[in-house]
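Take a look at the structure set out below.
Labels for the chains are A, B, C and D, by order of writing; each one numbers its residues from 1.
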Amino acid sequence: MIRVQREDFDAGAELNGFCAANGKVGGVACFVGLVRDYVGHDPTAGETVRAMTLEHYPGMTERQLAAIEAEARGRWPLEDCLIIHRHGRLEPGDRIVLVLTASAHREAAFQACQFLIDWLKTKAPFWKLEETSDGGQWVEARSSDDELAARWAKDGNR
Amino acid sequence: MIRVQREDFDAGAELNGFCAANGKVGGVACFVGLVRDYVGHDPTAGETVRAMTLEHYPGMTERQLAAIEAEARGRWPLEDCLIIHRHGRLEPGDRIVLVLTASAHREAAFQACQFLIDWLKTKAPFWKLEETSDGGQWVEARSSDDELAARWAKDGNR
Amino acid sequence: MKLLYFAWLRSKVGMGEETVAPPAEVRDVSSLIAWLKERGPGHAAAFADLSVVRVAVNQDYAGLDHPVRAGDEVAFFPPVTGG
Amino acid sequence: MKLLYFAWLRSKVGMGEETVAPPAEVRDVSSLIAWLKERGPGHAAAFADLSVVRVAVNQDYAGLDHPVRAGDEVAFFPPVTGG
């Protein structure tokens, strides 16, 4: 299931609900992405982010997330899968994204969870605008994210 | 941090507390292991587990989990790490184990989380006794778990 | 044809959305971009470096050779940074 | 020397814990096991196949050649199945 929303989500409540719904399956893997409090990708660079705004492309976002979920379900024996991604203005420590996967095989749950977040970071149409003391700046895409996503193209199970 | 306990834990509350404590770091990976409702490792084999009892070796368990945590912290740039493992009698759907890792690099969080559960499954002194209609049977160790754990010996980053 | 611009492409073009009726020669993304660059300095600036521009036609990623026609929704945006 | 047995080793030996004072020839895990196998059919059954027995000396995993001495805590158990 996918949810694209402006509202916050309760990661713990989502995890508990997901475990209860898939409780007899074996394992649940989870990733929570949170707003960092520093500019860009280097925590030592010094500058502090006050907030960020996540812009998205309504319609295409849901379409891409649904396609990414379908791809994961085709590649791994998943009992269930949930992606929640927020948009709008967020402050450091706020939750951005939640990915949950359940499988009888923990390795499948982990791989699908990593695949989902890697693809989401490189294919879902979201853009981060960081607010700093200088104003706002668009975050640049990272080549490391492309590399993490690319491994799934070469080999579905790594 | 490690906790070995008979009592249940609230996976969602642990996740939320962990995110709040490490909220500005970037990413939190999590694994929840749950009691399956079928005997052994094959869900289609037919027989149903009514409950299981997890025996452990008090003292050595804590010692091994602390060593596993220290190893993970040495291998990956983790902000924080939490392992909770239960013992005693558990029913299908009950929570057995929780692993939480926080890192500025999501790949480090994922790898450390997988490493922790793989090592925990092959090095922490716990033994599962499944209750079935025939009585009880000790679960046999899986070679697949040994293989998953072995990959970390060869290459810390896979 | 409905055009959408996101993130810094929106800032450069100066709007998030516009409806255009390109001439018949505009048959693919590439020729659409060439035509758009003539519409003003904002458009020209937005499309100055195509290596940092991604395109979606009807909400699916598309290459420069992807056909476009009347009624399509064509979106331009930088590489994504969600998650 | 304190001995601990877990899981099916405990069932076979018939107890979870015992305190023993092996003779001086018992210097390592291997000779301890050989000595224990003589103590009765339960012990003999528990140690019949060492490929499925793991050993810890003072709460650390140990091989068959690991030394043991008076005062040690030596535990015997099957391959672990937690997590």
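The criterion applied here is as follows: a contact is a pair of C-beta atoms (placed from the backbone, for glycine too) under 8 Å apart; a residue touches a chain by one contact, two chains touch by 3 or more.
Bear in mind the structure is a predicted one, so any value in this text is a computation, not a measurement.
Student: Which chains are in contact with both subunit A and subunit C?
Tutor: The shared contacts of subunit A and subunit C amount to nothing, since no chain touches both.
Student: Strictly by the touch rule at the top, which chains does subunit B share as contacts with subunit C?
Tutor: Correct list: A.
Student: Using CA atom averages as chain centres, what separation in Å is found between subunit B and subunit D?
Tutor: The separation of the two C-alpha centroids amounts to 26 Å.
Student: Which whole number of Å gives the spacing of the CA centres of subunit A and subunit D?
Tutor: About 49 Å, centre to centre.
Student: Counting only Cα atoms for the centres, state how far subunit C is from subunit D in Å.
Tutor: Computed from C-alpha means, the inter-chain centre distance equals 73 Å.
Student: What whole-number Å value describes the gap between the mean CA coordinates of subunit A and subunit B?
Tutor: Distance between chain centres, rounded to whole Å: 23 Å.
Student: Touching two or more other chains, which residues of subunit C qualify?
Tutor: none
Student: Hey, what residues on subunit B touch two or more of the other chains?
Tutor: In subunit B, residues 33, 117 touch at least two other chains, as defined above.
Student: Give every touching pair of chains, nothing left out.
Tutor: A-B, A-C, B-D
Student: Name, in rising order, each residue of subunit D that touches subunit B in their complex.
Tutor: Going by the criterion above, the answer is residues 4, 6-8, 56, 59-61, 75, 77-83.
Student: Which subunit B residues qualify as touching subunit D in the complex?
Tutor: Residue positions touching the partner: 33, 54-57, 59-60, 63-64, 85, 96-97, 117, 120-129, 138-142, 145.
Student: Touching subunit A in the complex: which residues of subunit B?
Tutor: Subunit B residues touching subunit A: 10-16, 19-20, 23-37, 43, 92-95, 104, 106-107, 109-110, 113-114, 117, 148, 158.
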